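You will see subunit A twice below: alongside subunit B first, and alongside subunit C after that.
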Partner chain A sequence: MKHVVKILSLLLAVSAFWITLLQAAIVPQSHTWLLPIYFVVSLGCYGLLMVGIGIMQFPTCPQESVLLNHDIAEAKDFLSTNGIDIGSVTVLFNTKA
Partner chain B sequence: MAEEKEKNKYSIIIPTYNERLNIALIVYLIFKHLRDVDFEIIVVDDGSPDGTQEIVKQLQDLYGEDRILLRARAKKLGLGTAYIHGLKHATGDFVVIMDADLSHHPKYLPSFIKKQLETNASIVTGTRYVKGGGVHGWNLMRKLTSRGANVLAHTLLWPGVSDLTGSFRLYKKSVLEDVICSCVSKGYVFQMEMIVRATRKGYHIEEVPITFVDRVFGTSKLGGSEIVEYLKGLVYLLLTT
Partner chain C sequence: MELADRAVGLLLSSISLSIFTYYTFWVIILPFVDSDHFIHKYFLPQDYAILVPVFAGVTLFSLLCVFIGMVMLKSKKKKA
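And now, the complex of A and B:
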């Protein structure tokens, strides 16, 4: 089954449940009418929360550019002693933290 | 486990365009980190004007033509077709795809191989977004767009992986052949399409942490047009996978 079909069926099921709630009037109708809005707002807040948490916990690796520069120096050394001419182009990597 | 490792051959496909310096560095690093592994490097160069192919030929003299294969094309023809082209010449049981610009460091290759042997996964993909992985060289804005894009993609697509746009991956050869046939997107949406289609087809996918050093000195700019392309790609994937 295509993914979009799965999502649409989920939405359909939730809508059916919502309409049933409206008909059955167990919860006051005025509240039930607002449920979709609550749902969308909650989803938006959840998304923003996940983005915020993700940024705070974003893994960084400043030491990697230092290590990489070492590797590049080692590689250039090896290559020049073995006759591979790669010219004098220097590769700049961001070593700022 | 050691015996299995010796019997497996790994084909590393590296598409290049104007990577004269980087291709030599990356070949050296691959040989350094894969000492006891049977592998071949397939360089798919799209007619680089900077002499990339000459450097590759010199590397072939140094390391052997059976270890480094140059399978060039006349001009820039795109990433997806570069992989397909490389695949035709791959003789390994497994295929690794990686970038030539050193944002993907060969030192992680052993961990990809180990993970695959441990779990018998069909695909092992590198992820920058978990503990042990990471990115260097991104400012706050870039991290924000990356994280926002990731959350959006996860909400819409429910993929099986944490890093959708990453392109440092190890595939079983038959799996790559199967997945790549059904992918039509370009650029990084192509990488997303590959992993999402693989998830939909039920392939066993594992992840290993990798570090990613952005090769551009300064900030990596993401313009409005790229964001639009990304959103279009997401909708396309939502509707067709």
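And now, the complex of A and C:
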């Protein structure tokens, strides 16, 4: 509940600022009309940038991947010798931290 | 595997940065430039600065609705 109130108050403050800017005409009026769209586009751009940076910095641990594959092979071996039938599931994936 | 991840991340961030700078130029800087400067050749007329984001937003929203509708139909079919 509190988070929604924070976001709504922020939105209200930004719209009040925009309306006063429209009335005061410090910046040319045609300019001011484009401001909300500009902010929405820049917000979308910022989100995309954060996603891109997060993808670039995603840590991987290749040693864990090797160990995990080893464990999987061992487990399949054990289960097949003890009579439980595993459908040929060869899962080879990169372990991400 | 890591290299592919980093390439995708780099591509995404470069796309977002270029869109941001192009749009900033278009909306904020260009109106203050004289109308016979050469830089106006590289930018579409200002009306498109509103149309393109609105069109993209509407397309995104409609794709989202289509996706949600398809998921709902699929779940209904599975139950029946």
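As a convention for this text, the second predicted complex is superposed on the first by the 65 of 97 C-alpha atoms of A that agree within 3 Å, B and C clash if a C-alpha of one lies under 4 Å from a C-alpha of the other, contacts with A are read in each partner's own complex, and residues count from 1 in each chain.
Criterion: contacts are C-beta pairs under 8 Å (C-beta built on N, C-alpha and C of every residue); 3 or more make two chains touch, one makes a residue touch a chain.
All figures in this text were calculated on a predicted structure; none of them were measured in a lab.
Visitor: Is A:68 contacted by the first partner subunit B, the second partner subunit C, both or neither?
Guide: first
Visitor: Going by the touch definition up top, name the partner, subunit B or subunit C, that contacts more of subunit A.
Guide: Looking at subunit A, the partner in contact with more of its residues is B.
Visitor: According to the stated criteria, A:45 is in contact with first (subunit B), second (subunit C), both, or neither; which is it?
Guide: second
Visitor: Check whether A:76 is in contact with subunit B, with subunit C, with both or with neither, and answer first, second, both or neither.
Guide: The answer is first: A:76 touches subunit B but not subunit C.
Visitor: Would you sort A:31 into first (subunit B), second (subunit C), both or neither based on which partner it touches?
Guide: A:31: touches subunit C, not subunit B.
Visitor: Can A:54 be said to touch subunit B (first), subunit C (second), both, or neither?
Guide: Touch status of A:54: both partners.
Visitor: What is the shared patch of subunit A, the residues that subunit B and subunit C both contact?
Guide: Subunit A residues touching both partners: 51, 54-55, 58, 60, 94.
Visitor: Could you pull out which subunit C residues touch subunit A in their complex?
Guide: Its residues touching subunit A are 1-2, 5-6, 8-17, 19-20, 23-24, 27-28, 31, 49-50, 53-54, 57.
Visitor: In the complex of these two chains, what residues of subunit B are touching subunit A?
Guide: 20-22, 24-25, 28-29, 55, 58-59, 62, 102, 105, 128-138, 140, 143-144, 147-148, 150-152, 155-158, 200, 211, 213-215, 217-218, 238-241
Visitor: If you look only at subunit A, which of its residues touch subunit B in the complex?
Guide: For subunit A paired with subunit B, touching residues are 2-4, 7, 43, 47, 50-51, 54-55, 58-62, 64-65, 68, 71-72, 75-76, 78-79, 82-87, 89, 91-94.
Visitor: Can you tell me which positions in subunit A touch subunit C when the two form their complex?
Guide: Spelled out, the residues of subunit A in touch with subunit C are 28, 30-31, 34, 37-38, 40-42, 45-46, 48-49, 51-58, 60, 94.
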